[in-house]
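Paired with chain B in one complex and with chain C in the other, chain A is shared by the two complexes that follow.
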Partner chain A sequence: MENEKETVTAAPKAAAKPKVAFFDFASCEGCQLQITNLGEGLLDILGAIDVVEFREAISEKWDGDYDVVFIEGSIGDHHAEERLKKIRARAKVLIAYGACACTGGVNGMKNSFELDEIRASVYGKDYKFFDSTPTKAVHQVVKVDYSINGCPIYAPELVEVLKCALRGLPYTVPDNPVCSECKLNENVCMYERGLACLGPWTKAGCNSWCVNNGNICYGCRGEVKNPARNANDIIAKYDLKPELIKNKFDMYNKCKEGGK
Partner chain B sequence: MNYHIIQKDNLDCFIKSLAKKMKVCAPVAKGHNNFAFEEVTCAGDISLNYIPTILPPKKYFMPQREKMLDFDLTEGKPKDSAVLDAPEMAIFAVHTCDLAGIQCLNMVFSERPRDYNHLLRKEKIIIIGLECNTYCDGNASCALVGNHYPNGGYDLFFTDLGDRFIIHVNTQKGEELVESMGLAKAAVGDFSALDKVREAKKSAFQNEIGVDPKKLPEIFAKGMKSKVWEELGAKCVSCGNCTNVCPTCYCFDMADTVNLDMKTGHRNRTWDSCQFQTFAEVAGGENFREERAERQRHRFYRKFKYPLDKFYRSFCTGCGRCTRTCMAKINLKDTLKALAAESRSV
Partner chain C sequence: MASANKNLDIKVEYVTRVEGHGNIVVNVKEGKIEKCEFHVVETPRLFEGMLRGRSIFEAQHITSRICGICSCGHTLASIQAAEDALGVIPTEQTIKLRKLLLDYEFLDSHLLHVYLLAAPDVLGVPSFIPLIGTHNAVVRRALRMKKAVNDVCDILVGRHIHPITAIVGGWTKLPSKKDLDAQVKILEDMAPDMAETLALAKVLKFPDFHRETEYVGLISDDAEYPLLSGDIGSTDGKRVSKKDYKKATNEFIDPRSSAKFAKWSRDSFFVGALARFNLNSDKLHPKAKAVAKELGLKPVCHNPYMNTVAQVIEIVHCYYHALEILKDLKKNGVDYSQQVTVGVNEKGAVPVRAGNGVGAVEVPRGILYHNYETAKDGAIKVANCIIPTNQNINNIEYDFAKLLPEIITLPKETITLRLEMLVRAYDPCISCSAHYLDVKYVD
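And now, the complex of A and B:
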């Protein structure tokens, strides 16, 4: 220790930093891209962790245990399920990130159909050669310690969750509607603009990212646990049909109901 | 009483020279009949004919998100230092409902333990009011709570007299500002024009719910178990819009955030809402207001009952924002009317 004195103020040595790995399953890999796009913020993160695997960013592999793993993507076949279980067995902390991993995401739309029917329409008559299971979110396969919802993830939330994971603190995905943050940002309500927005039913935590940038909320963070009992009032005020809202929700939230 | 006059043609000059001295915020059109207080640099940026803004000017006294302190845990004993971001600024064209809202917040935050961030920030803000000569829209209930006329809480107060504004100077700060702009004193003709505006308002603004406001405390005292609250609860989305846009809702949440160095960090506060399911939840999972009906009832009692007992003043300013913003069509005037009707029939 004596001769290491001069390094005390520098960043901790890689060996002392938590070993963190990033893995992807059925996804567009856009959430990884969000991380690589963090810019200068990435330097702060790399000061706190030692990234040992990250397919989109580095070619190194790691054969030891992981302190923290980030899982992107949903689970759509038996092979993925086994691979995920093996990763879980080697990881102290598992973080599901992105809509696919946390709620099934757009991949969940597969669950709207009879499995064999959808397999045949995708792979043709020899579909049986291609393994496929109903879409599952990561927590439907293995224990998840932290979730970072959203398509893509909201990078500031990723940093908050990482800090919680490194300090062993819990992180709770906000369970208020997106409106609760949207109003603080003083956006003109999308309904006032004549657009049907899923903000009133969708979990907050994204700082109403889409609406701040002129888009509606697509419900990518998943439905709040206890949504309004009588949403018809909202829909009636703006002269909309309940089916419209339900169909919009299907884009990200079909996995919730489980497979057929 | 000190009154001055500014010709409307000179308003641009007034705003521009004020903007040279400090940040000036005023209502700005956001489209779809929505308005927001934002920084302006000339009169052309401002919508003088506006309905209450999405958020009230409370956002300048108590920002939506505010850093309270920085801390450092590097050494054995934690170090912390308070943070206050309080720029010198003027808020222009504040309606009387919002002036009342700021007065309510001042009362609340002057109570012990005092909220120094609020109290120090308000010292830096010049408030310039603007009278409503007519109703903004049918959602307002300012006459019910007596907020359609000015009742203090400003440095300067503008009333539209057609081609000019008459300005009431209410504070030393306001006096200095008007003096520095070289505005003329009001003359006899200006006062009679002001009287005419005020006289016309007597008939234009009428108690919006047809219930004597003096009866409201009694109505609320009896209304705890009203079925009205169940009806509201069945509609409510728990989005918190009604409390976020309310000029007198001041509940907040505090959280510490540590930086990635795991040693330094900061304490932030954010607006919270009694309409959120988690608001009254405590350790062990007990929730004191688990149902939406209870939470909506609480909101109404926090406007029409509890503050009357404590501060002898309604904390509903009559601005109508909660009704306008509610996606589930929960209407403040209708709720009060239904409650009063039920109270009469009991």
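And now, the complex of A and C:
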């Protein structure tokens, strides 16, 4: 694999650097943009890797194999599913990047509707011109080696995962709830303010970003492994309707019902 | 006209350095142009369908996810539409902070486009990555400025991508005095980089191409450069209120693209920095006016490549406008009693009602419309979002049709680059439309 012929011309030299590529599927591309928001620190990362494809930012194309690929976005049509499988076949390490890739993200809300109905609601009678399949997270189509959750991703976690991926070390997404970080940040609990927040059931790792800023947690990082453990306590304590919580979770986690 | 027997087949799949996926398809047979199209081929994401049944208070959170680069713009259009539907009147302070956020959105987006997405073309390289070697100071400056704007957004709204604190009814967190000082400092520290940006803009050369078209943007009767609110107006003398936005967009579907097309008085129209400049240049900040003069841009300019120059002028406008808002807030103080609790409305803090509301906001690429119809429990019944890029696609194709015969004798690579540059000049955001670009050549 390492001996693939060099076809790219303008990319940075240094053949020993790992070849990294970014691909986007159905998404807002905001997680790619989080990279450009690293500022001059981005140049340090670019010094350690060889970016061979990054359509949003560069025109260069590469036809060899990849050491690491970042997949942003969920899979929502036949073409995308085929394209993803082809990328997987050429990638040593695949990272699901951002909520859309990891859990289906907001695109999963499409699955709350009957497919033809929602397509027609947007495109009218001509909806069949535009191929559309139920939303899938990346791991529901191909094997995923690392996940970087969140909508958008939290930049410090990206740097952490990239380091692990390049060294071949495992990275474990935290499985404790957002509350564990929220408490350390000394926020007043949203439940004490009379609001239902998804923090108790959502994987930490974002440093309770939204609650720090006066908003609630929307569950963008996906559910902890055993959500029921916390759910019953909190639902009882605050007299919540389970449907309310379920409805809120559907914003980012509807794809989970598709299995895997 | 085209050279007599030239055959040309261009297919650029996924035009790079634009937000999202689009294709350019050109087909010339024996000198006759058979096809010259710009296709948006993104997976349809069906946001308008997904919003149905969700709470109107969730609309901002969900629609900001239409596009990472425009998420503050979507946030502001969405909030405006939701408040219009609910009959919520925002306070003066809330509006001031929203204008500040919009200035940051313009700065962020225009800087990204001018430096990282458009400049490589004029400097003759495929991306900003080779520039790290050849124009290292330029790349560092671009990243530094981008980071600075990102940092002020972090302070004001939690983060630039998918803002947290701006919601229906106001702000969940208002900037402390320290926060205001920090923003002023970051912006003031950008001043030398701003000066260098203008120096760069002066040396950028753009192709000479002109086509008369209709320029559409927000217009108003007051003296402020209208970005957050106004009526919809055009260089053809049209004016309608935002409620009647459909009269100004007249959307139609074309099976080639997953985006919708638009037109008004003519076959197509232009929205974005150049349209705003053509309509409202007399309302720009004096510093921005001076820059327009230096860069030689005068209304009405019919060269779409000059959209990038108009963006530079708006960078200057928004920079000084933001500083003025911050200084005003520092001087007059922030009223913290106006901080609102997040509007997922279990507590009924904001009464809900059946209604219909429109948001029309200038975002970096042109007017963005959001329109929601709510049921009496506050659930969204119908949602409609009209994205600037979709309004422009039709105009891009009419530009292609005029441009291609003018450059048909040039080598294929040059033609392809010119067409790609034209598409990039519009700074299309196909993530917003739905995403993909292709340029195809046939030999």
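The rule is simple: the second predicted complex is superposed on the first by the 236 of 260 C-alpha atoms of A that agree within 3 Å, B and C clash if a C-alpha of one lies under 4 Å from a C-alpha of the other, contacts with A are read in each partner's own complex, and residues count from 1 in each chain.
In the analysis below, a residue touches a chain if its C-beta (ideal position, glycine included) is under 8 Å from a C-beta of that chain, and two chains touch if they have at least 3 such contacts.
This one's a predicted model, so the numbers in the text were calculated from it and none came from an experiment.
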First (chain B), second (chain C), both or neither touched by A:Arg193: both
Which of chain B and chain C A:Asn226 touches, first, second, both or neither: first
Touched partner set for A:Ala48, first chain B, second chain C, both or neither: first
Partner contacting more residues of chain A (chain B vs chain C): C
Chain B/chain C common contact set on chain A: 193
Residues on chain A engaged by chain C in the complex (per definition of touch): 10-12, 24-34, 36-40, 42-43, 46, 51, 55-60, 76-77, 79-80, 105-107, 109-110, 112-113, 118-119, 121-124, 126, 129-130, 132, 151-152, 190, 193-196, 209-210, 212-216, 218, 244, 248, 251
Residues of chain B touching chain A in the complex: 30-34, 36, 54-55, 59, 64-65, 234-241, 244-245, 257-262, 270-271, 273, 276-278, 292, 325, 327-329
Residues of chain A defined as touching chain B within the complex: 44-45, 47-48, 159-160, 162-163, 166-167, 175-177, 179-180, 183-189, 191-193, 199-200, 225-231, 233-234, 236-238
Touching residues on chain C, where the partner in the complex is chain A: 14, 16-21, 42-46, 48-50, 52-54, 58, 61-62, 65-69, 71, 112, 116-117, 120, 125-130, 132-133, 139-140, 143-144, 146-147, 150, 157-162, 164-165, 167, 171-173, 253, 255, 258, 339, 341-342, 344, 346-347, 431, 435
